[in-house]
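These notes are about the structure you will find just below.
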């Protein structure tokens, strides 16, 4: 029984990593949004599963939040925005997709090494989970770093945060998980609103196209 | 770190002999109060008079107390511990022989400056920027000398720099003053930080910053300590190549402050060196002295040569401070060398020479700066090329200034000569030193000392001759007026003390005996016991000098000659136009200027030291425009040491500054890189 | 009683240098004249000049200051005292310990200091030339002199001239360092006394003169004082060389009258010899340009330094 | 302990949180600038007074809140600076209102946010649960983000945005670290609440898996280090300081950085309590030195006066982190002292700078000249502040720098020399700018500005007093905390 639990949880977590890689791979805006929605779905299932095996009902709330907010509302909102603001449908990358993928592999490997070394004592479920979570986090960060579009960066951040939720839920019996996920949802809402409010079309770097080069932290 | 509980930190007042240091501390308190008073009421007309009067009285009081302490030489000076400063140590103050001597120097200079300022300060345009800081400056210098733990010492030391910086910035509208102040404060805090490192070594990280603990502790790397201390105190005293701020900052301040900075503050720096190297570190090693003596010799020559190139009177004086600091450090270096080889008597001689020169230089340098201030006050000019003939308009100032010139040129019978003579005697004893490095370097430094003495004479012939003699070069100089009584009183007092110290050196040397005894274990033979008040460093068979007798000789023979000639020959005088080989020129522009006076020496030494070059632009025949001579002088030390640093900081600032203009994504990548890097470290950590 | 005699001897010494100085000057001029196939002025001419000058009224420029008028006396006094401290015919004079060799050098320095100052007092260009060049020479000659003093002092173990002279009398020996010192001292002496090749005491050709340029404005008794001071200075250097390098015949401290007599006689001989050699040197060499002088004096400085260095390295040099 | 019983039904600890929260609610409802400003001051004052009573009587630690020697120092300092800043902001914001830079609507928002920030910071400081602490610090970040952007200029919005993004990433990393700590603690403390309760953690830290703690500390260091403003995570800090309202700059430098630092210290203690873990010292020392030297060089090219002092904050935070990284009673003592002094001094400087910017109508250094002539009080106040921040005696920072450098040199000379190098670089830059700003021919308007000098000089007086005399109890306190920090 336990083995089965383990396999399913393991599979879900692994699937999350795989989807993160796919996010890195995506170069069309809508494709990106779809993959992210999937990402959220998988996350919520894994969270729910964790709630089931840990017998922690409050995790279902987290799962619900993840599902509703990240799998439905935000992708839709972003899609609207892309349409409304006429954002390029293609994603401009700093590093080409290929190298990014390689880098991602490297990151996954790194997180495996780090975590498996670190959690030699912890129970295997937690180990794998943490390792996967760390790789999701790193991949999310990598995405934020290597993508130029605001939207893709937002998505990068959200996938990063998915990793966090994964870790939090994977940590057996961790208190405050719900509160934390709520807090993060607020954070994400802020970001999305910010993107929407400040008409951030292309980049994070400036809140307005007009101000793109006028201001880089200090008047020249 | 000892917990603050285990030592009660209430002021210790038990034990006898506390009176002097207590009085000194109260004096400092009074000075600080005067500063507050000045802040409150610097606009009042009488504020200046009041503040300077307070300073004068306080200085005189401390002077008296310290003098008594020095002469009556109370052996073990007790420590006053106040519950301020570092909590588990408290602020400790102590007045042993060394402190007493330097207190005498400090407050003598302070009293003179205050007296001078009573008159001079009246003409201050921005009293609000001078009055509050002047007493603080005095108080801080006193505290440095009194401090008996590292923290209080450094606080007072840096506070001294800070207050003097404020005084340098007094006339802040002049951009030169601003840059001078900037360079000064940066150099000062550089020095303080090196001293801080030195104390870090001395106290050994345990937090035992009290001098008493440091003395008893065994020091790691005393050599490093010496180097750090040499840098730290040298940057304040003005050792080459750390002297660059000095000729900028000293002239920038109001003249009575310049006098304090040159005459007293540099001495406080010397005190720091002596206190740490001779008292706290102890047991010197021979190579230290090579370092010190070498630097000192170079400082001497560089200082006086640079002084010769100046035509700004106050800057010239400032450069001479550098030279005299060099002389003092030669003495200190010799003392180190001798005591490194446990040659007590010569060490005492060298140390006495150095300390005596400290005293003398305080006197005549203050005197000269007073004179410069008086000239500045009377003519509004610091540039000698615009002066001349002042001896007619301000004879008294001229007389005192002349006295100062003779004294600083080390000419008998004044005091400057005595201390240099003692230094020479110390050098003559040094062949006995076993180490070969010293055998080579000491005579060379002796030559440098002699050279700088001769050059100093030349420089002051120039200074006095161009400023006071000849014909006035500008209307300002022609309409100069004698200065007020207070200033004159200060100048005459110092001139008199110069003379006394010159003709009665024995007294001063004996007064220094307790200091040398406490530092190198012995003192020079008692001088006042000798017949005719002459001084004998080691033995009469070796050498002796009698300033009094020489003075009397010269005075008598002068009077005698005058008397005889006026009586038996003619005393008739006829005034006429100058002869000047037959074609006198009415224009005062034909006189020798400061630059032209220095030209021969510039040709001899300048090419090497300053890359000095004269370029004559001679118009073609028939061309009406005047011929022009342009002299270019380069400050190689600045170019070698400071310009590169400035350039480096500039470039580095530029490079780093790019980080201000990155995009958020790039900043994120910084975070990302940091994270991945650290994770890698953790993953490969054993 | 002894004190009185000592004072008497000291006084005699002071008078002696005062009296002999013009004589030496006259002698040198006479000899020079002879060497140049001239008859030359009478030996006593300097005395006559001085007396005449003293009697004349002094003409001084309108803008002369008190320093200008009192300067000559101070210069003379300083030089005179310095000369009086050099043992001429007897060592161990009462006041000989009042100032050692370094002090004597410094006294001469003081005299020069005032001379240079008064040169600038009137504010003529010639005065300036003279003063600045004089100080430039001095800035090299003085350290050279100090180095010579070091050498001698390190050999004799004292800076007191009397002791030096005694030491030289006791263990006279040929030493490298002393030889260097002698050469250096001669160079310094020539320079200090403004003799050829450094300066020409007999010229008033503007561009070449140094000493004369400074005293250009003087006349009457002031000029006399300065001339006399110059003469005394010359005498001082000759007797200095004599007392250090050929101290023979010097009467010891509290010597007999006979000893003093022999001392005086030998001193006179040394003086004449010194004067003759000086003139011989002068006539055999041409005056050099002003800016060659530093090199000339630099040699002296180097020699002195070398001597001192040798002695620092080993006492046996 | 009577005071509380008389006035407040609940214990001081909760009061410290309740007062700001209640005030925030009230301020949202309350219209009118004058009243809300006063209320703001009043609430801050009350909070401070209550926090003082924590010295006297210390409530027993609950699983959510607790007070110990360490965080009480932070709490009292924070509430005090919050109070003085609110006093300053009363006059400052008034002026902003007059010149129409802010509208009353925004003001209401501003004051509410101010108190929310206070609440968040006090919560973060007194939280006994590392998760709660994390939440509180995130809340503090969000509020400050909103206040930084309050002027609605391009620069302000961009600064706020930059702050927001970088801050969020930092927070995410911090959370991951927190989770890892929980994972490390779980085997020892069992599942659930306890494994996140600070007091429990520190007592059992010895048994945690060291490797996990190491990884956790990496994340925590980077996460909370972003808030502290350590290079290379500092990017948000200068802009946030420069573009927000000056009271917020003061609060940021004076308080928020400290709160983040406090979190860092907590976890450092945790690692220090576990002998097998990598010592956190080297990491903190490295980042501290990096920030110190980097900020020192950055100071040279600054054109905006507020941004310059923001960089000086980075420099000092680096120095403090370095001190704590070095560890040992002396260095820790120095670190605490330096932190306190820096909070007071830097906020004082921002008080002065705020009024100066209002008086001259610009923040460009190039347009501010000769302040000591045109505005003597402000000018000399600024001079005093800069002299203090540059570490000149007799002001407090000199003492801490003295202790840091001298104690380091005896143990690790090379590090001490690097520190001295950084200090000198920064010193040179600060003095250079001070020379231009405070002296020389005055430029710009000479019109006197309606300024509240009390907070400014109160802080400076405290700093000067501390430089000369540290009261015994305070010293004992710091020494106790220093031992606590190990």
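When the chains are written out, they are named A, B, C and D in that same order, and each has its own residue count from 1.
One rule holds for everything that comes next: a residue touches a chain if its C-beta (ideal position, glycine included) is under 8 Å from a C-beta of that chain, and two chains touch if they have at least 3 such contacts.
What you see is a predicted model, and the numbers here were worked out from it, not measured in a lab.
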**Message:** Applying the touch definition from the top, give me the chains sitting in contact with each of chain A and chain D.
**Reply:** B
**Fill in**
Maximum distance between Cα centroids and chain C occurs for chain A
**Message:** For this structure, I'd like the pair of chains sharing the most C-beta contacts.
**Reply:** B-C
**Request:** Measure off the straight-line distance from the CA centroid of chain A to the CA centroid of chain B, and report it in whole Å.
**Result:** 69
**Item:** Centre-of-Cα separation between chain C and chain B, whole angstrom
**Value:** 36
**Complete:** Chain centres from averaged Cα atoms put chain B and chain D apart, in whole Å, by 44
**Distance from the mean Cα position of chain D to that of chain C, given in whole angstrom** = 78
**Prompt:** Listing for chain B: what residues touch at least two other chains?
**Reply:** 660, 662, 664, 668, 671, 675, 679, 682
**Message:** If a residue has to touch 2 or more other chains to count, which residues of chain A qualify?
**Reply:** 114, 117-118, 141, 144, 204, 217-218
**Prompt:** Of all residues in chain D, which are in touch with two or more distinct other chains?
**Reply:** 161-162, 165, 169, 214-215, 235, 238
**Asked** Which two-chain combinations qualify as touching?
**Response** A-B, A-D, B-C, B-D
**Request:** Report the residues of chain B in contact with chain A in the complex, numbered from low to high.
**Result:** 660-665, 668-669, 671-672, 675-676, 679-680, 682-683
**Request:** Note which residues of chain B are touching chain D in the complex, please.
**Result:** 1, 3-5, 9, 83-88, 150-151, 154-156, 158-159, 162, 169, 172-173, 175, 178-179, 181-182, 185-186, 189-190, 193-194, 196-197, 199-201, 203-207, 209, 649-650, 652-657, 659-660, 662, 664, 667-668, 670-671, 674-675, 678-679, 682, 685
**Request:** State the interface residues of chain B toward chain C in the complex, per the touch definition above.
**Result:** 388-389, 391-392, 395, 398, 402, 406, 409-412, 417, 421, 424-425, 427-428, 430-431, 439-440, 442-444, 446-447, 450-451, 453-455, 457-458, 460-462, 464-466, 469-471, 532, 534, 540-546, 549-550, 553-555, 557-558, 561-562, 565, 569-570, 572-581, 584-585, 588, 590-592, 596-601, 603-604
**Prompt:** Mind pulling up the chain D residues that touch chain A in the complex?
**Reply:** 129, 131-132, 134-135, 138-139, 142, 154-155, 157-159, 161-162, 164-165, 168-169, 171-172, 175-176, 179-180, 182-183, 186-187, 191-193, 195-196, 209, 211-212, 214-215, 235, 238-239, 242, 302-304, 307, 364
**chain C residues touching chain B - in the complex, by the definition given at the top** = 54-67, 69, 73-74, 76-78, 80-81, 84, 95, 97-100, 102-103, 106-107, 109-110, 112-113, 116-117, 119-129, 131-133, 135-136, 138-143, 146-147, 150, 153-154, 157-160, 163, 204, 206, 216-217, 220-221, 225, 290-291, 294, 301, 304-305, 308-309, 311-313, 315
